[in-house]
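Listed after this line are the structures, all set down as C-alpha cells.
After this come two complexes, each holding chain A, first together with chain B and then together with chain C.
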Partner chain A sequence: MLNRAWPGGRLYKIGASALALALLATAPLYFSRLSLLFFILNWIVLAESFNIFTGLTGYVNFGHVVFYGMGGYVGALLMAGALASPYVGVLAAGLASALLALGLSLPTLRLRGAYFAIASLGVNEATFVIFDNWPAVGSATGITLPVVYYQPLAQYYTMLAVAAGCLATAYVLMHSRIGTAMQAIRQQEDTARSVGINATYYKTLALIFSGLFAGMAGALAIWQVSIIDPPSAFDITISLNAISMTMLGGIGTLAGPVLGAVVLYEVGDFLDLNYPYAHLVVLGVIIIGVVLAMPRGMMGYADRVRLLLGGGGRKDGGGA
Partner chain B sequence: MITIGMSMPLTGTFAEDGQMSLDGLQLWAQNVNASGGIYVSSLHRSLPVKLIVYDDQSNPTRVATLYQQLVTQDNVNFLIAPYASPLTLAAAPIADAHHILLLSHGGASDAIWQKNYSYVVGVLSPASQYMIPVINMLVNLNSSQPLNVAMFYGNDPFSIFVMNAAARYMQTQFPGKFNIVFNQSYQETATDYTAQLTQIAATNADVILGGGHFTDGETIMKNIQSIGYNPKAVALLVAPDDVHFYQDLGTVANFVLAPSQWEANLNYAGFSPYFGNITSQQFATQFTGRFNMQPNYEAAEAYATGLVLEKAIIDSGSLNSTVVRQQLNSENFYTFYGHFQIAPSGIQIGHTMVVVQWQNGAKQTIWPTSVATAQFEYPAAPWAGRT
Partner chain C sequence: MAAVLEVRDVSKKFSGLVAVDGVSLEAYEGEAVGLIGPNGAGKTTLFNMISGSIHPTSGRIYYNGRDITSLSPDRICRLGIARTFQIPQPFGDMTVLKNVETALLFGGRASKGGILPANAADICEMAGLADKKGMPARTLGVSDKKKLEMARAIATAPKVILLDEIASGLPVGEYGWATGLVRRLVGEFGLTVIWIEHVMRVIMRTVDRVYVLDHGSRIAHGKPEEVVNDEQVRQAYLGAKVG
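Then we have the complex of A and B:
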C-alpha cells in the first residue's frame, strides 16, 4: 500500500497489525466472552473471503454462504463421526469448499455480470434443497456434535489463526501480479483479455481462495455451536451480511471487510444486548445512514478525509 | 434478586412462538413478583425474579454468543433455553460447561438429552412422545382388523423425529395392530398435495398420521376433501391445534385430530395436588388479559417452566444451579400444564401429551379419558353428509 503523503504509513500499519494480533492472542486472559471475539473473527473471514473474489474481480457472489455451509457440513461429518480431529476437520472443510469453488467456476464463470449474480443465487437454493433431502448428511435434521467438542480456547485460537491466514492471503493477492490481473478484470474484462490476461484462470483462482476460507469459517462455526442444519447452513442472510460488511468497510480494500465486520457485528451485538426488542430497526437505520454518508465505505471515507487534510489518496482504494 | 437469563427468537423463523414463550415467562415473573418473590430458605428471605432477555434472531450462532454473555457477563443464576430445538441445542453446551441449569420449554428434540448433558432439563414432552397418545387411542378402538396407516409428514427435523418414533412404537408395542401402507415426507412449502393424497387414497388407508406445521396442514385437509377421500381419522401435527384451523377450514376441520402439550380446558388439579396456584383457565384468562390474545401451548409450557424452577428453588432452598438441578431429579408434581418428572438425563417423562379433535367447530380434548371433555368421534363422517 503506497502512501506518498504518509511515509511512516507502512510501518504504522505493520505495528497496528502486530498490536491487534497481540491483543487478540492474549484476549482469553482478560476477556471472558470469547465467543463474541470468535464470531467477530468468523465474520471477518466471511467478509474478507467474499472480498477476495468479489472485491478483486467485480463479480458479485450472492452464493458465498454455499462455501460456508459446505465447510460446516464437511467439518460436522468428520467431527461427529470422530473421523478426524477438529483441526483436520477445519482444514478438510476449507479444501472441500475450495474444490466446490473449482467445480462451480466451470459453469458459472462463463457468465458475466448480473447473469453470474443470478446463477450464484440459484446455486445457493439448489445446495439447500440437496442437503435438505440427503439422508447421508442427516437431511432436514442436520448433524449435532458430541459434547467433547466444546473446547472454547482451542476454537478461539484456531479461528484467530484462520483469520490471520485469510488476511495474509488477501494481502498477498492484492499486492501481487495476480491481484493486479484480477483488478484489471474488474475494471475492463474485455480489455484485460485483449492484453493477454487469462481472465477465466484468475477468476477461478479468486473463487477458490474465497471458498477455501469461507469453508474453514463454516467448519469453525459448527465446531463452536455444535449443530448444523440446512436452514442455518445455507441461510442467504449470511451472504447478505458478508456483502453489507464488505460494502460498509470498503470493497476491494484489505482493511475494509475487517472494519465492516467489526463495526456491524459489534454494533449489532451492542444493540441486541441493550435494546432486544428494537435492535434490528435501529441497526437498519444506522446502516442506511452510514451508506448515505459514506457511499464508498469507511475506507473510502478515510481517503476523502485524508485528501481534505491535504494528503494523497489511496492507490488501491474504493472501486466497484 | 434471582436473575434468569435467556435468548428468544423474537425475529426470524421462530419469532411467533418465541414471542409466545417469552410472554408466558413474563406473565410468570409478574405473578411471582406480585406475590413477594420466591422464598430461598438458605438466605432466609424471599427474592424477586428478573428476566434478562436477548433476541437471538432464530440463529444458532447468535445463541452461542448470547448464552456466553448471560453466563460470563450477566452472571445469571439460571438459564432458560430459547424456543425451538436447534437453538436449544446451541445453548446446551455453554450451560453445561459453566454448570448453570438450563430449562428447556420449547426444544422438543430427543437429541437434546442424548448428549449426556448434566444441566439440561426438559419441561415439555419430547418429540418422540407426540404421536404416542394418538396411537394408544387408536388401539383402544379395539378394531378386529389391523388399521391401515398412512404416514405423510413434513420434511423438517421435528416432524421426521415424531413420525419415526411413532412408526417404531406401532411396530414394537402393537405388532399386528397396524399396517403402515404409506410412508413419505413432503416439502412444507408445496401448495398442493393431491398427487400424494391420491396415492394414499389408493392404499385404502384408514388413518393418516403426519403433518408438519400450519399452512401445509391446512392444505392437506383441503386436498383430502377436494379428491373426495374419506379416511376414518386424520391426525396432524401443529396445525389443528391452532384456533385459526377451524376459522380457515370451517366444517372441513371437523373430526381432525392433533396431539397437544396443553389445552386451556385441561384440568389436572383433580388428580393431584398441583403447584403454582393457577388453573389452566386462570392462566388463559390472565394471558389473554395481559397480551390480548389466546395463549397456545408454547405460552403454557414457558409459564410452567417458570413454575418448575420456582418449585425446585423453594424445595432445595438454594440458588446454586448444581443443588437445584439435583433437586429436580426427585421432583414429582403437577402444575396446570401437567405432570413434571424427569429421568436422570433430564428428559421429561412425567408430562404426557393429550389428543384434541375438532367437533362441530369446537376443539375438544378427547384423550386421555381422565381429562377428556368429549368422546373420540370415529370414524369421520363422509364428506357428502357434511354441511
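Then we have the complex of A and C:
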C-alpha cells in the first residue's frame, strides 16, 4: 500500500534490509567494538517493542521499562542460579514479560488515553518498590552474574537474532489483519468497536508482543553487563529514551524506531562524552527541536521529501 | 411474527440523572422505524445501549430472541446490528475505501452472508461515495462523512441498522439521498432500520412507524400521521398551549 507510485521501493527496501543483516552478521570479523553494536541493537529492540504497542494502538506506555526490568531479573535469576543456559534464560525472560503484559492488560487496558498513560507510570513505580524490597531477588543489592557468562560473540548473535525477530514481528503485525485492527483502534476506537473489532483483544495482543521483545532485550542486557539492581532495571529514563527514539524516527512506522535508536544512541553517547554534566539538557533541547520541526519523525520527513520529488508518499497513514 | 429487535423496559441512569426511563420498543424484519423526540430525550443513549457501548441500568434487549443486553459493541456488530454515529467518526487517516474495507474485514460479513454488496467499491457507490474512494476520510465534508458512516455500517452486513441523524446537517438537496438509501435498504435488502432524525419531513415520509421519546420516556407510538397529531407530542416539541 505504501509504494504504489514508487514501484522500486519494495525491492530497494528488501535489498537494504538484507545488506544490513549481512553486514551485522559478519561484523565480528572486522569490527572490534561489538558491545557498541550490541547496545544499539538492544535499543532498537526496546524502541521497536515500544512502537509495537504505542505506535500501533496509540496508547502511550510510560512503563515500558517494566518489561525490560522484569526480563532482566528473570534472566539474571536463571543464569546466576545456573538453572538454564543463557539462550533459555533470554527466551524465558521474554515469556515472563509477555505474561506480565497479559496480567497488566486486564486492569489497565480498560482505561482510555491519558488514564492508561498515568496507570502505566504507576505500574513502573510499584514494580520498582516490589523488587527493591524483595529478598529473593537481592532487594536493593540486586543480582550479579558469575564471570562464566562473559560470552561476547554468543551475546552479540543472540541480540542480533532477537532484533531481527522483533522487526519481523513488527512487520507482520503492521501488514496483516491485526495491523489494520490496530490502526483502526488508534484512529477511532469507538468506531473500531462498532465495526466488529474486539479492541481489548488487539490491544492486549500488542502489549504481549511489546512485553515479549522488551523482556528478551532486558535479559540480553543483563547477560552483557552482568549486574542488575532495581534502579537500573526499572529506570524510567529507559522508557523515555524508547519513546524519544520512536518519536524521532517516526512512530507507527517499522523503520522509524530503528533510525531513532541509532541516531539518538550515537548522539547521546557523543554528548555524554563531551558534555558530561549537560548532556541530558542538550539532548532534551534536540528532541524538542526535532519534534517541532518533524512532528511525524524522520520517516514522516522522508515522505515529505519524496512527495516533493514527485514520488508516492504514505497515503494510508502508518502501517509501514 | 417475532420482533428482530426488542427493547424491553430499559432504563439508564447516569449518577442520578435518568437519561432513559423504562422504554420499550420493537422492530420487525423489513421495516423502517423512526425514533424522534426533542434534544436530550434519550434517543442516542438508547442507541448506545442497543449497540452495546453502554449497558442499561435495568431492562433487557433482545435480538432475534437472544438476550444481547450485556454484550460488547464488537460482538453485537458481528451478530448483525450496525450503527452510525451522530457526529461522524471515521478512521481519519484511512481512505474512504480503506474505512469500508476495514468494516468488511471485521464486521463478520463472510459468515453472515446476505445480499448486501460484499465489495468495498460497490458499497461506496451505493452510499454515494463513488468518486471519493481514494480520499483520506478526515478531508471529507460533512455530507460525505455522513455517507461514509452509512457505507461503513452497510459493510458490516447488518440485519438491523441504527441511523443516528444521518440527514441532519445535510444540505436540503441531499435529503433524497438519505430517504432513497433507507428505502433501498429496507425494500431491496430486507433490513430493519431504526432511524433517529430531527428533520421531520425527511423521516416522516420514509418510516412505517414512529416512537417518540421525551425526557427519557416513551410518550407516543404509531404511524407518522397519527403521531404528529398527538397532543403530548406537540407539547413536547412546542410546549403547552397557553390559556
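By definition in this document, the second predicted complex is superposed on the first by the 298 of 320 C-alpha atoms of A that agree within 3 Å, B and C clash if a C-alpha of one lies under 4 Å from a C-alpha of the other, contacts with A are read in each partner's own complex, and residues count from 1 in each chain.
Assume contacts are C-beta pairs under 8 Å (C-beta built on N, C-alpha and C of every residue); 3 or more make two chains touch, one makes a residue touch a chain.
Note that this is a predicted model, so its numbers are computed, not measured.
Aligning the shared chain A places chain B and chain C next to each other free of steric conflict. For chain A, the partner with contacts to more residues, out of chain B and chain C, is B.
Legend: residue contacts after superposition of the two complexes on their common chain; A:T191 is shown touching chain C, with no touch to chain B. In the overlay built on the shared chain, the residue A:T26 is in contact with neither chain B nor chain C.
Residue contacts after overlaying the shared chain place A:S85 against neither chain B nor chain C.
In the superposition on chain A, contact is made by A:Q183 with chain C only, not with chain B. In the superposed model, A:L36 makes contact with chain B only, not with chain C.
In the superposition on chain A, A:A199 makes contact with chain C only, not with chain B. Vertex at the C-alpha centre of chain A, arms toward the centres of chain B and chain C: the angle is 140 degrees, rounded to a multiple of 10. Once the two complexes are laid over each other on the shared chain, residue contacts for A:D229 go to chain B alone; chain C is not touched. Aligning both complexes on chain A leaves chain B and chain C separated at their closest CA atoms by 39 Å. In the superposition on chain A, no chain A position is in contact with chain B in one complex as well as with chain C in the other. Those residues of chain A whose C-beta lies close enough to touch chain B in the complex are 32-36, 38-39, 42, 132-133, 139-142, 144, 146-147, 150, 152, 221, 224-227, 229, 231-232, 235, 269, 272-273, 276-277, 279-280.
Every residue of chain A that touches chain C in the complex is listed here, in rising order: 177, 180-181, 183-184, 187-188, 190-200, 315-318.
Put simply, chain C touches chain A in their complex at residues 51, 53, 72-75, 77-78, 82-83, 85, 89-95, 98, 102-103, 105-108, 134, 136, 152, 155-156.
Across the complex, chain B meets chain A through its residues 10-11, 13, 53-55, 57, 59-66, 68-69, 72-73, 86, 89-90, 92-94, 96-97, 111, 115-117, 155-157, 160-161.
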